[in-house]
Amino acid sequence: MLQIAHIMPSMGATDTLQLAIDNLLSPPVLGFALGLLAVAIGGDLRLPDAVYQGLSMYLLLAIGLKGGVALRESDIGDLVLPALAALALGVLIPLAAYLALRAVTRLGSLDRGAIAAHYGSTSLVTFTAALVFLDASQLAVEGYVVTLLAILEIPGIVVGLLLAGRGMNRGVPWSESLREILVGKSVLLLAGGLLIGVLTGPVGYARVEPFFGALFVGVLTLFLVELGVLAGRRLPDIRGAGWGLPAFAIVFPILAGTAGVIAGGATGMGVGGAAVFGVLCASASYIAAPAAVRLALPEANPGYYLTTALGITFPFNLVVGIPLYLAISQEVVG
Amino acid sequence: MLQIAHIMPSMGATDTLQLAIDNLLSPPVLGFALGLLAVAIGGDLRLPDAVYQGLSMYLLLAIGLKGGVALRESDIGDLVLPALAALALGVLIPLAAYLALRAVTRLGSLDRGAIAAHYGSTSLVTFTAALVFLDASQLAVEGYVVTLLAILEIPGIVVGLLLAGRGMNRGVPWSESLREILVGKSVLLLAGGLLIGVLTGPVGYARVEPFFGALFVGVLTLFLVELGVLAGRRLPDIRGAGWGLPAFAIVFPILAGTAGVIAGGATGMGVGGAAVFGVLCASASYIAAPAAVRLALPEANPGYYLTTALGITFPFNLVVGIPLYLAISQEVVG
Amino acid sequence: MLQIAHIMPSMGATDTLQLAIDNLLSPPVLGFALGLLAVAIGGDLRLPDAVYQGLSMYLLLAIGLKGGVALRESDIGDLVLPALAALALGVLIPLAAYLALRAVTRLGSLDRGAIAAHYGSTSLVTFTAALVFLDASQLAVEGYVVTLLAILEIPGIVVGLLLAGRGMNRGVPWSESLREILVGKSVLLLAGGLLIGVLTGPVGYARVEPFFGALFVGVLTLFLVELGVLAGRRLPDIRGAGWGLPAFAIVFPILAGTAGVIAGGATGMGVGGAAVFGVLCASASYIAAPAAVRLALPEANPGYYLTTALGITFPFNLVVGIPLYLAISQEVVG
Amino acid sequence: MSEPHAHRGAVALVTIVAEAIVEQRLVRDLRDAGAHGWTVTTARGEGPRNRRVGDLEGGNVRIETLVSHATADAIMAKLAADWFPHYAVVAWVADVEVAREDRYL
Amino acid sequence: MSEPHAHRGAVALVTIVAEAIVEQRLVRDLRDAGAHGWTVTTARGEGPRNRRVGDLEGGNVRIETLVSHATADAIMAKLAADWFPHYAVVAWVADVEVAREDRYL
Amino acid sequence: MSEPHAHRGAVALVTIVAEAIVEQRLVRDLRDAGAHGWTVTTARGEGPRNRRVGDLEGGNVRIETLVSHATADAIMAKLAADWFPHYAVVAWVADVEVAREDRYL
């Protein structure tokens, strides 16, 4: 059985449609669907809050650890260009989002900046789903991609907040809000995990792998049930928003994702790595960014930025985006 | 060591007494005993509520997943007759319980219906303990047994509520209570897990097996410590109930279990499968049923139905029942 | 990779400095450092309370189980002398601590007794970190060491409470406090785990090993992040305490640890076992003891006993002590 | 709650403790009675009756709602009629002062 | 709590916040003082004293009990005598209205 | 909270329910306003506004602080100025009796 598990996908690896179907039928994606379903039929599948918090801490630390070990293995020279590209896109993507939103929606600069902060940052879960997907497709991924995730997480938020400009909450300087994010759980655990991974290396990691490695996909599945519930609760808000916002939430990720794939290829990443880079650019944050925006831009309406990021873009990337960016990568890079 | 772990039990597989002892000394059963002991000496081993909720959600989803994968592997044709038998017993068992209780207790129809609902439904943990037990004894079990669990869960509750008849809470129609159960966590996770398992199949399951499969017995052990505490707290209530109720809580499961074994054999199940079918019929629900009964029959006294189902029948099945139904199955079916 | 993981350390096994570095770079220790760092930069990495409680219950039960299985395998004859030594040191160490504190601090007998209770008892996490460390260094450890942990846990607390003498809370007799500890979670789970392990043996344990065994180091790492936060919060309190208390918190463990190593060797334990015995004697409890002291000696100042036990001695042992006691053991015993 | 109240603030804080399993229904009744919002915390407890299945269902919930005194009376009446007879429910009302009273009336 | 109270309802709500470790003992004292029930929620907090070991023991518990004013006075007296001097405990009393007052007296 | 209060106890209990994400800032403001201690419980809830990101950030926190009436007024004023306009915050004040009033003034 396990044999099959590892051979079959690799067979379909060239056939992206097959991969897309495999992805659709993977436990994490089906878990997300279960969460949506539960909301649809008026049921409740929410994890206890403490468990939800604990699982998200586990995911952040685990992905950091894995990335740190891989980073240690990989040649820093190879990382320089992709890192610079990540920084550049971390600034350009929120700018593009801000302008795109002016074109397709009636939202004020405050809400546009708030949404831009989300698309400028990245989604950890989308990223990890992509890794699981590529892992099944047996495509190699550069060890330093988690570093790119860490690099992409913050700048986009800062740019978004700056774009929102005058809308700031007078009470607290937004630099303070930024500080609160930088020392917040998600950044600390991700960066801390990276550091621990680099320091402990494969030898040390081998001893925690049964916990932080082997369980990962399973925990992710459980976590996605919860995210499905949260996303499902957001969907009703879309109606109010007109056609502009949903359109943006689907079209923009494709454009940003393509840009990411190209940038990845141009900076020397392989097919797998460039696809993941695309996913990073296409995904919208719904953990770090909402917290930062809520603190710095309380007047911005979460009904807009949460609904687009979590309600539309996240499921779109999970189901369509990830295989799509790989297909693009196979065209452009492969 | 692991070798032994897998050979030894199979050796004793024919010797049911040996199996019964193995069962008694298995971590889950000993964990349950630890919970009882803790209550006896006035200690406290309760898990934090959030952890308890999280673990039970894990168990439901995990058993559903495993069952779904197995169901996909198994021939639907073989499932038809056992499924019909399950439906039939789902109606007959609560009826029998209701009548038996009139014979041996002084309880009114309200409380008798409430108890009948519990014995008509099934206990997930007893079921899983049986799987663990048979797994150790290396007896094959049909892949679709989890489906039978799902089929048996609800009808018995409905029949019990109907039998309780006029005792309904005027405030809310009991159909409403039923709806609340159907979209409740336990049904959603079990059915959802089945669906995910069927869709993702062995390939997808292989990727979450380290979490949902390998950890199962360990998590079950931890969970049973908690159930031991809860059961231990219920035991004092028995005294008040006279001899009728405890007698029912031990004798009825044996009869229902035997009926289940026979039905299993008659519908083409093997020794292992028929034994599990017996366990399903013999076990009394203490998750779905208490919730449903509490919502629909608030006037019924939990001191009766919880004490019998969780305080007496559950430990009896766990320690004596499971090996007993297997022995019966080896007689009748093997 | 795994090969390396298991060969490399053994190569360095003779070179203790190498081992010390390996220890410093092991995930658990780095996790602890991450927790300290988080506090230093004003961040928050605390686990939800329910998760923290759940993890500590897991660690206690897991270590008990493992110890029970090992105990069953080991010859009781070998256990007698070390057990007696443990009892003796369980009385002598708190006495020595009490006197040492009079020499180097101005604390009253109440606070001295409170601190003595902590150093008389032991720290489960330090003990397990030592096991992980020795496991990596491939040194054999007697199966019954967990029994010594259990033996050492309580007497030291009792002696400390007695030494604190007249300071007792008039409200509740301290015997009552002792009872509350004996039926408290930590003792029940550790002793219960031991019992379950002895009864179920290797065959039963093999079925829960993926949960209670394989995950252990990973869970310990997560747990140590939390302890790092708690320890970090305690550090500021040290300033107030003058030089005497911090000096005690570092020098006393070295002396007690050396005594433990010698006692271990004298009672027939090997290099690894004697080192662990040293760790048990050197470590200060921060779970059972603080609870007992808080209940029986409410007037004692937690600022003193928690800061020394958790804020200083724990990290010292984790980083310096464990390799040190092994080095001593290699001198004395090897 | 039937007798009239002299000199009291315009807003009442109704606190209800009930077995967790009925939370959804209870909240529905609160909304029907005119409450615009509520705060829920999970709780546990003991009482003279102790007939709940809380052990298995996650203990109790503690629901607070700021409402007008009229709504408070309606809620207490509803509880007395449909809830107290059947469920493990305890409720009390306190006078409180709030900012922006109108939000709760 | 010693001075007499004018025009107050028959039932008092006593709220006690204490370090979690003493919950069992505190509840015992409440029962001894005449309380028939209580509701417990887990809490955390800060105070001027901050001497508890809560960090390691699961923070604080917040215990509410509806009792007669006489019992409330007894509880506060007990707290003042045995608890305030030693433990991290804070308590307050409020007048509340309940249905079925007799249940609490 | 601006109008004067007649015959009230010396201590006020201010209860604030807010989205969890702002806990740290809120506590800071409480301290600045003169509160010496507070008790926090995690909560969830619904309200007319419902604009918080609580779902993703762990719901609400419920903060209680025993303070002098003057401090209570200062807190409510601060909330009205900086918090109500932007955040999902609800607050109320009740008169309570405490032992050792001085601890809170």
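As written, the chain order gives the labels A, B, C, D, E and F, with residue 1 at the start of each chain.
In the analysis below, a contact is a pair of C-beta atoms (placed from the backbone, for glycine too) under 8 Å apart; a residue touches a chain by one contact, two chains touch by 3 or more.
Treat the numbers as computed from the prediction; the structure is a model and nothing was measured.
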| item | value |
| --- | --- |
| Chains touching both subunit B and subunit E, listed by label | C, D |
| Most distant chain from subunit C, judged by the mean position of its C-alpha atoms | D |
| Interchain centroid distance [CA atoms averaged], subunit C/subunit E, Å | 36 |
| Inter-centroid spacing, subunit C versus subunit B (mean Cα positions, whole Å) | 40 |
| Interchain centroid distance [CA atoms averaged], subunit E/subunit F, Å | 21 |
| Of all residues in subunit C, the ones touching two or more other chains | 48-51, 53, 210, 214-215 |
| Overlap residues in subunit E, where contacts from two or more other chains coincide | 41-42, 44, 94 |
| Chain-to-chain touches, reported pairwise for every pair that qualifies | A-B, A-C, A-F, B-C, B-D, C-E, D-E, D-F, E-F |
| Contact set on subunit B toward subunit D in their complex | 49, 52-53, 169-172, 180, 230, 233, 286-287, 290-291, 294-295, 298-299, 301-303, 306, 310 |
| Complex contact set, residues of subunit C against subunit A | 1-2, 4-5, 8-9, 22, 25-27, 30-31, 34, 37-38, 41-45, 47-51, 132, 136, 210, 214-215, 217-219, 221-222, 225 |
| Complex contact set, residues of subunit F against subunit A | 19, 21-22, 24-25, 42, 44, 51-53, 55-59, 82, 86-87 |
| For the subunit E and subunit F complex, residues of the former touching the latter | 1, 17, 41-48, 60, 62, 76, 79-80, 84, 90-94 |
| Residues on subunit E engaged by subunit D in the complex (per definition of touch) | 11, 13, 27, 36-41, 66, 94-100, 103 |
